[in-house]
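As structure tokens, here come the structures.
In the two complexes that follow, chain A is the common piece, with chain B as its partner first and chain C second.
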Partner chain A sequence: MAIEIPNAAYSGKIKEVPLGQEGKTITFGGETCYPFHLFEGAMPHPPKIAMEVYDRAPEEWPDTVMEPFADVAGDPVAWANKCIDSYGAEMIMLQLASIDPNAQNTSADEAAAIAKKVSDAVDVPLIVWGCTNVDKDTEVLKAVCEACEGKNVIIGPVQEGNYRAIGATAIGYKHTVVASTPIDINLAKQLNILLGNLNVPDDKLLIDPTTGALGYGLEYCYSVMERIRMAALTQEDERLQFPILANFAKEVWKTKEVKLSSAEAPLLGDQKKRGILMEAMTAQCVLLAGADILVMRHPEAISLVKEAIKDLMTTEEG
Partner chain B sequence: MSKIICSAAIRGAHKIVGIAEAKQAEALKKWGPDQEIGFPNTTYYLPIIYGILGIPVKTLADARVILDKCNELLPPLVSDNVWLPYLAPALDAGMATFFAEEIIEAIRYLEEPGCYTEEEDPTADNIWLGAADDVIMRKRGVEFVDGSAPGFAAILGAAPSPEIAAKIAIELQEKNLYVFMVSDHDGKNMSEQLLSVDVQVGWPTRLVSFGPSYTAAVFAMGFATRVAMSFGGVKPGAFRENLMYNKERVFAFAMPLGTVTDEWYANAAGAINWGFPTIADTPIPEVLPTGICTYEHVVSNIPHDEIVAKAIEVRGLKVTVSKVDIPMSYGPAFEGERIRKDDLFFECGGGRTLGVELTVSKDMSEVEDGHIEMLGPDLDQVKEGDKLPFGMIIEVAGRQMQPDFEPILERQIHHLVNYVQGIMHIGQRNIMWIRVGKAAVEKGFLLKHIGKVMHAKYHQEFGNIVDKVQVKIYTEEEKVKEVMALAKDVYSKRDKRVEGMTDETEETFYSCTLCQSFAPAHVCVITPERAGMCGAYNWLDCKASNEINPTGPNQPLEKGTCLDPVKGQWKGIDDFIFKASRQNVEHVCAYSLMNFPMTACGCFEAIATILPLCNGIMVVNRDYRGMTPSGMKFTTMAGMVGGGNQTPGFLGVSKHYMGSKKFFKAEGGLKRIVWLPKMLKEEIAEHVKPICEEMGMPDFFDMVADETVGETEEEVFAFLEAKGHPAFTMDPLM
Partner chain C sequence: MVVCIAESINIMSNTIGPAMKERNPKPIQEMAKVLADSGADYLDLNIGPARKGGDELMDWLVKTVQEVSDLPLSLDTTNPVAMEAGLKAIAKGRPLINSVSLQPERLEKGIPMVTKYNADVIGLLWGKEGMPRDANERAALAVDFIFQANEAGIATSDIWIDPIATPICVDINQVLSGLEFMSMLSEIAPEAKSTVGLSNISNGVPDDLRLYLNRTYLMMLMKYGLYSAIVDAYDKELIAIAKGERPEYLKLVHNIMDGNEPDPASLDKAELEHYKTTRVLLGKVLFSNSWLTT
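On to the complex of A and B.
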């Protein structure tokens, strides 16, 4: 007896969001099926990886991931260029970690100047990420919006506590925003509604549902991401039909498992390989849950994941 | 709209357009048609014209095109023998006024260079700033959108004295509003008045001296129009979107101080297009019905010490209270604190003294926001171990407030007061009990601070329905008795209201999809007679929740045609459920266990299931850990009920629902109940008593088995048979 393969009935489509400067944009979204269910629908714009660049030289990174960037740390422009030139980065995420009041508390003007320099130096889409402190992010990201006018920078995290200020400023300077919520589909939807009410255009909005590292609550994040995609594609949930950004590199690279040396934890295997695989496996999971943009750090993990995306995007027809 | 106002506005508009015509013609002669005109450093040209018509005015020739538009818009002057309608022509006249005034101001920039400082502050010899350039607009305009400045007051003219001017300005500043000042009255203007009493004027203090003429009003309106284009993503020429954006988000109003001339009327009529009402200090006619603006359009003859409060009310501006101003820490972390005997300084209520708390709604005019009245001794006048009677009335007023929301607000007192460090609050209504610890009194805590807490928190959490809050706290026996009498009256009215509400009398039910985060296909339908199965949300809660957060998880449902009154099935509800459950559930019967029962999330207080042998229904509550006659414990059953699945024969219910007339109406109601855990039986006995009496079986609960009778269906069966339980004679359940 022939087996009939059941097909999911899709009724929605992810909105297409062009990112990057005019003339050099890359489009995301547009999916009409679950991730890589190419036998059921289309994924016109395969997921891409954004490489992290930090505004200051990181202090607590394990050597295994510091090594590729040791020569550029402390110089965000050089760092971004190295990511693009040496590692083929398709996008850059500038992490403004130093603005955190508990870190160096870098001023808004200084941070905006860094963002401006990086945005001038790169052609690929640029994500500028704050420190998640609602008040400080408001101050800094507003300044970033102003400094990077005309570059269609992707600004985040936009949270419930500051969506009005950052959202409105981003509209004013025509940037894209990332709506960031703590692992909850209702909150994600609510923030998207609020940003919509603020008149943020649909092609200027991404969802960040919060992503943990493998072994650190990833399964919960996975479920929420998966649910967002299900709601968007099969349940006509219009306010969830946006591309998803998964920002997990900094989660992965702070876990105990990537920091313990091979000597300290011989049972866990080689430290370098372990870290790369932790990051690549986390990436692989969120790809299957529906992420469109993966924020990653280690070049070797990135090349593994790029390879996987290529494989997953291959159909019989080629 | 008042005929007097309309006639004056239309007259004013004719004059202003006439002036613009003359200025333009004169300038044309002098400079030629290709002469560039505009406001400095802006990409929005003449912003009102650009925003509303989508036409970029760049030259004197372009201005001619606009003047033709003005003439098209201008209605004929009002004659004595025509009465209606006036609103639309007056609004058009107002719009033409603004177009004409932008042209007048643009020509002024051309003809009188240096007439405005074009900076953020006045200079030594010029106090007039002129139009905001794009840098100022971007920096300041975003504040209108992010809420740090809710809007602006456009003040025309001057106050009777500089002191009054300063007082009004400071009051507006305190509400974070911008003050845009234009025009004069009797040769005086507000900007100079402020400077004369050393009030700093300029963008940094939000007191903006735009210009000496009434035509400078377009700088204010142009600012608002640009905000919509810049931060609202509204396209030039999308006039409806622009006006609606301003009506909904920019809390602006016009405040003419002094004689309202035809020209001022014309400007006021124009502002109404943007949803900005006029609040005047002179006795001009009023325009009260709601239409274009959120509430009234023109309110007049307001005394100067009330004019700011009135303006805020009429424009529907929400007061924001950012901090709870008390000497103690405040937050959810302190909610669970207990004040034990050794730490106790003072207590009231809780059966020790008379204690009562009440939230009531009042008319807007009866409540003075932030007013806290304390009658009787406060904590600084008592000694350790004292007890006093306590009565608190919180009076709230709001345009969106409804008496139905009173109990919901009142219920918050418990946790909101508990959030204060060092204070313990228990109970509600007239069984409330407050204990104040020694540490709190040492830090200077007073009972009147409870009033401050309630004022701040009601504004913060219920700003959508509450505009004004005042609190009265009494510790004098006589006064407390008065409050108690009032409260008892209010409570009984409220209880009657809730009892009187039935599923038949209300056309609207509410959905609750709060739990879809973990039960994606589950939708609760909450009706007046069936509260949410979690016990936390009843119909009124949902109604208030929807008012507070219109896009939230509680949506109004039109029940539509009733398909089955016994099972509780409605067309409108079925349609909604189908969509909201992601097409997983097609029908729901609100009163049935066996036919399309409601799905459940996982938060139910209790679970009902059938006992087939007994031809009855058992209910088990979450706290009961033992075995039930169904052969399953609560936890096992929870797995079958939850997750948004429809499982006939299993249903999540709230305890409250068990006392409803609609409780399992489809299966015969309460009479079907054959088994309950003893604890649940005792808990709801009082609550279901009226139903038992109505059934003609006041002792019905004696026939219901519990775990002391048995935990197997056979044991229960024998008990029911001996008692003659009515379920035995009812139609078979299956």
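On to the complex of A and C.
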């Protein structure tokens, strides 16, 4: 007797969101099936990886991930160019980590100037990310919106506490926003509703459901992401039908497991390989849960994941 | 008709908590009178874990409330010494012990008090391993609880099974398993009664929206013959639902549960609220705080 493969019944579709400057946009979303279930539907726009660039030279990174960027750290433009020219980055995420009041507390004007310089230097879609402090992010990201006018920059994190101010400014300068919620599907839906009520257009919105590192709560993040996709595709939950951004590189690269040297933790294996695999495995998991944009750091982890995406997108027909 | 246990005399309350600590009877007695007038059938006296001086507090509280109210009392504490002090102090009405779970130490100390003080008991389906994960685990815990209580000489009809209501914004699947279990209870133990901490369903939701969830959830549980509920007795509409005074809404909600969906365009404002709320409580639509307006 022939085996009948059960097919999921889909009733929804992820909205298509074009990112990047006019004429150079890359479109995300458009899925009509669960991740890589190409036998059930379509994934017209495969997931892509955004490489991280930091506004200042990072201080606490393990050497294993600092090494590829040692020559460009402290110069965000050079760093972004290296990601694109040497590592083939398809997108850049500028992490404005130094604006944090508990870090260097870089001013809004200074941060906006950095964002502007990077946005002028790169053609790929640019994500500009704050420090998650609601008040400081409001001040800085509003300035970034203004400085980068017309570039369709992707602005985040937009949270419950600052969605009005940042959302309204982003609409004014025609940027895309990333709605960020703490691993909770109901809150994710609610923030998307609020941003919709504020008149953020559907093609200017991404979801950041919060992503932890492998071994650090990834299973919860996976589950929320998976449920977002299920609600979007099988329950026609219109306010969850947006591409998902997974911002996990900074989570992976601060764990104990990537920081311990090979000598300190011989049972954990080679430190460099360990960190690369931690990042690549985290990426692989969120890909299967439904992420469209992966924010990553180590070039070798990135090439592993790019290869995996290519394999997963291959169908029998070729 | 659902027996209403009023939840408001609670140590967590901003007015009642301090009154309990200061042994100030007035706010408590005033509240007891208002709750009785609102249609409460029982008053729940919740003193929390009450680790220190719980016995003296419960004794005082029972006497204070019984000075102004003839309603039977539900004694709500996890401290067995305080529970016993309250049971001893009760002068009128058959008491309700809220609650005994299946955790061994709670069972061991709680069960003997049920027979000794001729009380009813809420059997909380909280097992050795904590919260049951689905309807079947709830069923297993219910059978276990009833068996152990029967062994100790407690009649099944004196047991009020509480399947544990959990907030809709924590895990909809738990809400669904609670409902599924309630649909099974009458077959598992036809004589057993039931109750549920109704307001838990809306925990974490903005205050002005909680009553919508509480009301519709009550009607959903009534489909399965819910015997009683621990409720916010200040919500007059909720009490009216419990007293069987809203048959048209009840029918609407039960129809939706049976898969007979009305045309939303044909519904008036209140019906539409019940319609939308039933759908989020059934998991047909994912809950968010904007569920009534989207």
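Simple rule for what comes next: the second predicted complex is superposed on the first by the 318 of 318 C-alpha atoms of A that agree within 3 Å, B and C clash if a C-alpha of one lies under 4 Å from a C-alpha of the other, contacts with A are read in each partner's own complex, and residues count from 1 in each chain.
Definition applied: contacts are C-beta pairs under 8 Å (C-beta built on N, C-alpha and C of every residue); 3 or more make two chains touch, one makes a residue touch a chain.
Given the structure is predicted, the values throughout are model-derived calculations rather than measurements.
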Chain A as common anchor, with chain B and chain C clashing or fitting: clash
Contacts of A:Thr106 with chain B and chain C, given as first, second, both or neither: neither
Partner chain(s) touched by A:Glu146 [first = chain B, second = chain C, both, neither]: first
Partner chain(s) touched by A:Ser119 [first = chain B, second = chain C, both, neither]: neither
Which superposed partner A:Leu240 touches (first chain B, second chain C, both, neither): second
Chain B versus chain C as contact partner of A:Thr64, first or second or both or neither: neither
Which of chain B and chain C A:Ser98 touches, first, second, both or neither: neither
Which of chain B and chain C A:Gly172 touches, first, second, both or neither: first
Which of chain B and chain C A:Pro201 touches, first, second, both or neither: first
Offending stretch of chain B which, after superposing on A, collides with chain C (from 347-355, 383-391, 455-463 or 473-481): 347-355
Common interface positions of chain A, toward chain B and toward chain C: 184-186, 190, 193-194, 231, 235
Chain B residues touching chain A - in the complex, by the definition given at the top: 138, 141-142, 145-148, 230-234, 245, 513-514, 516-517, 520, 551-553, 579, 582-583
In the complex, chain A residues that touch chain C: 184-187, 189-190, 193-194, 231, 235, 237, 239-240
Complex contact set, residues of chain A against chain B: 138, 142, 146, 164-165, 167-169, 171-172, 184-186, 190, 193-194, 197-201, 227, 230-231, 234-236
In the complex with chain A, residue positions of chain C that touch it: 168-169, 284-290, 294
